[in-house]
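Got some structures for you, see below.
Each of the next two complexes has subunit A plus one other chain: subunit B in the first, subunit C in the second.
Take a look at the complex of A and B:
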C-alpha cells in the first residue's frame, strides 16, 4: 500500500470513528459517545487553561510581542542555560523540595499508619487537624512560621531564654529551617491523604499471619505492610513533590531560600522585568513536571492508587 | 505440639460480651472443632488463643504455661485464614519459609524445609509462583504449608474452606485431616459448617452466645445433643414434647421406649433418619413438601399434633404434597434432652 493510500485509509477510519461516535448504533459506540461527552468539558478546560497558556509561554519565551512584527530570539533560553544563577535556583529547588517531600512522605506514612491501624479517640477531629493545612494559603503558613520561629516567635524566644542566646541570631540561623518546616507542614496532609487510601487496602490478616509466624511489629511493617503500600508511597511522592514545587506564598514571604517559583516572581518584578526568561523558566518547569510524573507513574499500580 | 487450656475465658467489647467464661481443653495432637452461628464468639476465641486479643478475664495456657499476655510473635501458633492472607509480594516458597526466616533459620535449611512441605502438600511445582496466580485451593495449601513450617504448638484454622467449591472442599478436607493426624498437630478448627467439623475433627465444641453448649465427639454431639440448641444446630432435629414414665415416653400420638432421667414432661430430639416409612406405621403424617436430592428425597410433613418434621425418604419413591405417609420412630435413634 502506498503512502497516499494508507493516508486515505487512515482518514477514512477517523471519519468512520467520528461518524459512529456521533451517531452510534452499537452499545460499544454508545459507550464511546458517553466517554466523549463526559471528557469534553475537561478538554475544553485543558485547552483554555492548559494548551493556550502553554502556547503563549512558548511565544513569550522567544518574542516580547507578536512574532511577525517583533521577530524572535533565543536570548531568554541562552540566559537560562549560561547564567549560573538559574542552575543554582534549579538545584536549590530540587534538593529543598526533594528533602521536604521525603520528610513529608515519611511523616505521612506514620500518620496514615496511626489513623488506619488504631482506634483513636476523636478520630474525626484528628483527621480534620491533619488535613487542615491543605486549605491554608501559603502566606498564612509563612505567618505561622514567623509567629513560631521568627525573631519574636514563641519557639525562638523560648529556646533563646533556655540557651541564653540572642533571639535575633537564632531566628537568622534557622531561617531556612523555618521555610523547610513551612513546606513540610503544607505537604504532610497531601501525603497522608494518598497514603490513607492505600493503607485501607492493606491486608490486615496478612499482617497478623506475619506476627503469628514470629515477625515483630517492625518486621511485619517492613516485610509485609511496606511492600503493600509501595504504590501509595510512589503516588504520595509524586503528588507531594509536584505540590512542593508549586509552593509560592510561603517562600514569597519568608524569602530565605531561592526556589523556582520565587525566581519566576523576580523575573516579572519591576526593575528586573524579563518576561521572556520567566516564560522559559515556566516551560522548563512544565516539561520537568510532566516528565517526572510519567516516570513516577511507572512505580504506581493504577488499580490501587490514583492521582 | 501442645495441650491448650482456656480457663474462664471472657472477652468484652464495651457492653458487648463476645466470649463468656469459656473453659475448654484441647488435648495434645487433637483436632478440636469450634462451631456455632455467626457472632457466637468462635473467631474471638481463636484470636485470643493466637494473641491478637487480650481476654477481659481468664487465661490461656499452652502445656500449662500461662501465655495470656504473651505477644502473638512469641506464641508459636500457626494461623490459617479463610482469606488465605498470603504475602502477595513474595513467591510461594518465600511465603512458606517466612516463619523460618523470622526464626533466623539458615537459608539452605529454610529452602529444604519449605520444599519438603510444598512436596507434602503437592504444590512443589508452584514454588516460584506468586500467590495471586494460584487458585483458591492452591492458595489454601500454601497457607497451610506456611503455618506448618514453624512446627507450631497449635494450629488455628479460621474457616479455611469457606471460599472453596464443594468438590475441592471434600478432597481438601480429607487431605488436611490425614496430614494433621500424621504430623500429630494440635489444631483448632473454626467453622460454621457442621458437616465439615464432623468430618475433620476429633471433638467438637458447640458455641452459642459466647458460651460452650456442649463438647464431645462428632458422634456424641449428633446422637446425644445436650440441649435444644445443639440438637437444632448440629444436623436437623425435630423436638417433640412427651410425658416420661418408667422408661417410656408418651408423645400423645405414639409411644417410645426410651429412658429419661426423670418422670414428667420431657423434650425428645428426633433426627430425620429416626423416622421409618412403614406400610402400616403407628403415625400418619401429611407431606407438605418434597425435594428430590439425588441420593434421597427430603420431605417435610405434619404429624398428628401439628408438629412439622423433616424426613429422609427413598429417592426411588415419588411423594406428592398432601399425601399421607405412614411412619414409625426408631426408639434407638431418639434422644431425651436433659
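Take a look at the complex of A and C:
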C-alpha cells in the first residue's frame, strides 16, 4: 500500500469515527459522544486559556520585533544559551527549590505520621493549622516572614532582647534563610496533604505484626511503613517541587535569591525589556515541568496523586 | 523438622521451668522467673517525643505568624518585641474604608471576589463534566487526560506572560482574569468532584435512573450531579478562596484599577504601616478560616481536596 493510500485510509477512519460520534447509532457510539461532550467544556477553556497562549509564547520567543511580534530570529534562545546569568538562575532555582522540597517532604512525613498514628488532642485544630497555608498566596507568606524575621519582626526583636545584639543585624527576612523559611512555609502543607492521603491507606496490621515480633519503632517504620508510603513520598516530591518552582510572590517581595520566576519578571520590567527572552525562559520552564511530571508519574500510581 | 525441635530446645534450656501435671494428662510449662524484656530500643524510647517535638515545632511555625499578625492588627504600635496598645480598631477601620482611604482594601477585595466567583462558576461548568467522564468511563488516553486535568501544567507567571501577548485587548480585563483563574484552579475542582464520584456507584445510579425512563442528560443533571453536591461545594469553596488572593497570574496580567486584592497588598507593602497591613491580611485570614470551617463541616480534612471517609 502506498503512503497516499494509507493516509487516505486513516483520514477516512478518523472521519467515520467523527461521524459516528456526532450521530451515534449504537450504544457504544452514544457513550463515546457522551465522553466527548463531557470533556468538551474543559478542552475549550484549556485551548483558549492554555494552548493558544502557549503557542503564542513559542512565537514570541522567535520573533525579531518583540513589540509587534513580527519577523523571525533565534536571538532570545542564543542569549539564553550563551549568557552565564541564565545558567546561574537555573542552578539557583534547582538547588534552592530541591532543598526546600526535601525538607518539606521530610517534615510532611512526620506530620502525616503523627496525625494518622498518634492520638492528638485538638486534632481538628492541628489539621486546620497545617492546611491553612495552602490558601495563602506567596505575597502573604512574604508579609508573614517579614512580620517574624524582619527588622521589626517578633522573632528578630525577641532574639535581640535576649542576646543584646542589634535587631537590624539579626533581621533575616530578606536574607536567603528568610526566603527559605517562606518556601518551606508554603510547601510543608502541600507535602503533608499528599502524604496524609497515603497514610490513610497504610496497612496497620503489618505494622502491629512487626512490633509484636520485636521490631523497634524505627525498624517498623523503616521496613514496614516506609515501603508502603513510598508512592506517596514520590507523589509529594513531584507536587512539592512543582509548587516550589511556581512560587513567585514570596521571592518578588523578599528579592533575596534569583530564581526562574523572578527572572521572568525582570525580563519584562522597564529597562530590561526582553519579552522574547522571558518567553523562552517560560517555555523551558513549562517543558521542564511537563517532562518532570510525566517522568515522575511513571513511578507513581496516578490515583495516589492528590493536591 | 526444625519446627519440632524448637520448643523442646527452649523448654530444656529455659530457666526455672517445671512441668505441671494436668487432669487430661498433658503438661503445662510455667515460668517461675519473670521474663525480663531487653532494654527497649532507642527509637522506642525517644522516637515518639522526638517526632512529636518536630511536629509541634512545624505546627507552631505554621500558625504563630498568622496568629501574631491577626492579633497585632488590633494593636496601636509594634515597636519592641510584642505589639502594644490593645485594643484599637483604627487599622480595621482604615482597611474597611472608614478611615484612611489609602489602605481601603474593600474595593480591591470586592473586585477579586467578583472575579473569583466568575471563575468558580465557570469551574463548575467545565470541572464537573470532565470529572464525571474521567471517573465513569474507560476510554483512549484517559490517563493522559486525567493528568492534564488534575495537574496544573502551566504556572501562573508563565500563563500571565503569554496571556497578555495573546489577548492584548481582553487579556487584562475581568473576562481574561476569570478565564485564567478558572484554568489555574480547575485541578482543585476536578479532584474534589472526582473523589465525590469515586465514592458513589455511578453505573448503578445511572442505570436505575435510565431504566425508570429518564433520558441521559436528565439523569446526569438531576440524579448524578445532586449526589455529588458536597464535592462540588467543597471544590467551589477551594477554587473561590484560592482565586480571591491569586497573585502570580494577576500580577503579570493586571494593569488597571481597582487593583485586585493580592496586587493591592503588594503595592502597599512600602507605604502602609505594619499594623494596617496586618489588618488587610487578616481580612483574608477570616475568609480562609470560614472556608476551612465550612469545608470541615461538609467532610473535608481542612483546606484540601482530601475527604474524611
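One rule holds in what follows: the second predicted complex is superposed on the first by the 289 of 307 C-alpha atoms of A that agree within 3 Å, B and C clash if a C-alpha of one lies under 4 Å from a C-alpha of the other, contacts with A are read in each partner's own complex, and residues count from 1 in each chain.
Throughout what follows, a residue touches a chain if its C-beta (ideal position, glycine included) is under 8 Å from a C-beta of that chain, and two chains touch if they have at least 3 such contacts.
Please read all numbers here as calculations on a predicted model, not as lab measurements.
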| message | Between subunit B and subunit C, whom does A:228 touch in the aligned arrangement: first, second, both, or neither? | response | first
| request: Could you say whether A:213 touches subunit B, subunit C, both of them, or neither, answering first, second, both or neither? | output: first
| Which partner does A:257 reach: the first (subunit B), the second (subunit C), both, or neither? | neither
| query | Does the superposition put A:161 against subunit B (first), subunit C (second), both, or neither? | reply | second
| message | One more residue to check, A:205. First (subunit B), second (subunit C), both or neither? | response | first
| Is the number of subunit A residues in contact higher for subunit B or for subunit C? | C
| message | Looking at A:151, would you say it contacts subunit B, subunit C, both, or neither? Reply first, second, both or neither. | response | neither
| For subunit A, what residues appear in both contact lists, the one with subunit B and the one with subunit C? | 216, 219
| query | Of all residues in subunit A, which touch subunit C in the complex? | reply | 30-32, 34-35, 37-42, 44-46, 48-50, 52-54, 56-57, 60, 69, 107, 110-111, 113-114, 118, 124, 126-140, 143-145, 147-148, 152, 154, 157-158, 161, 181, 185, 188-189, 193, 196-197, 200, 216-219, 221, 242, 245-246, 248-249, 252-253, 261, 264-265, 268, 275, 278-279, 282, 285-286, 289-290, 293-294, 297, 302, 305-307
| Contacting residues of subunit A [partner subunit B, same complex] | 203, 205-206, 208-216, 219, 223-224, 227-228
| query | Can you list the residues on subunit B that touch subunit A in the complex? | reply | 50-52, 71-79, 81, 83, 85-89, 98-99, 102-103, 143, 146-147, 150
| request: Could you please specify the touching residues of subunit C with respect to subunit A in the complex? | output: 40-44, 47-48, 51-52, 54-55, 58-59, 61-66, 68-69, 72, 78-82, 122, 125-127, 129-130, 132-133, 137, 139, 143, 145-151, 153-159, 161-163, 165-166, 179-180, 182-183, 186-188, 191, 195, 216, 241-242, 245-248, 251-252, 262, 265-266, 269, 274, 277-278, 281, 284, 288-289, 291-292, 296, 301-306, 309
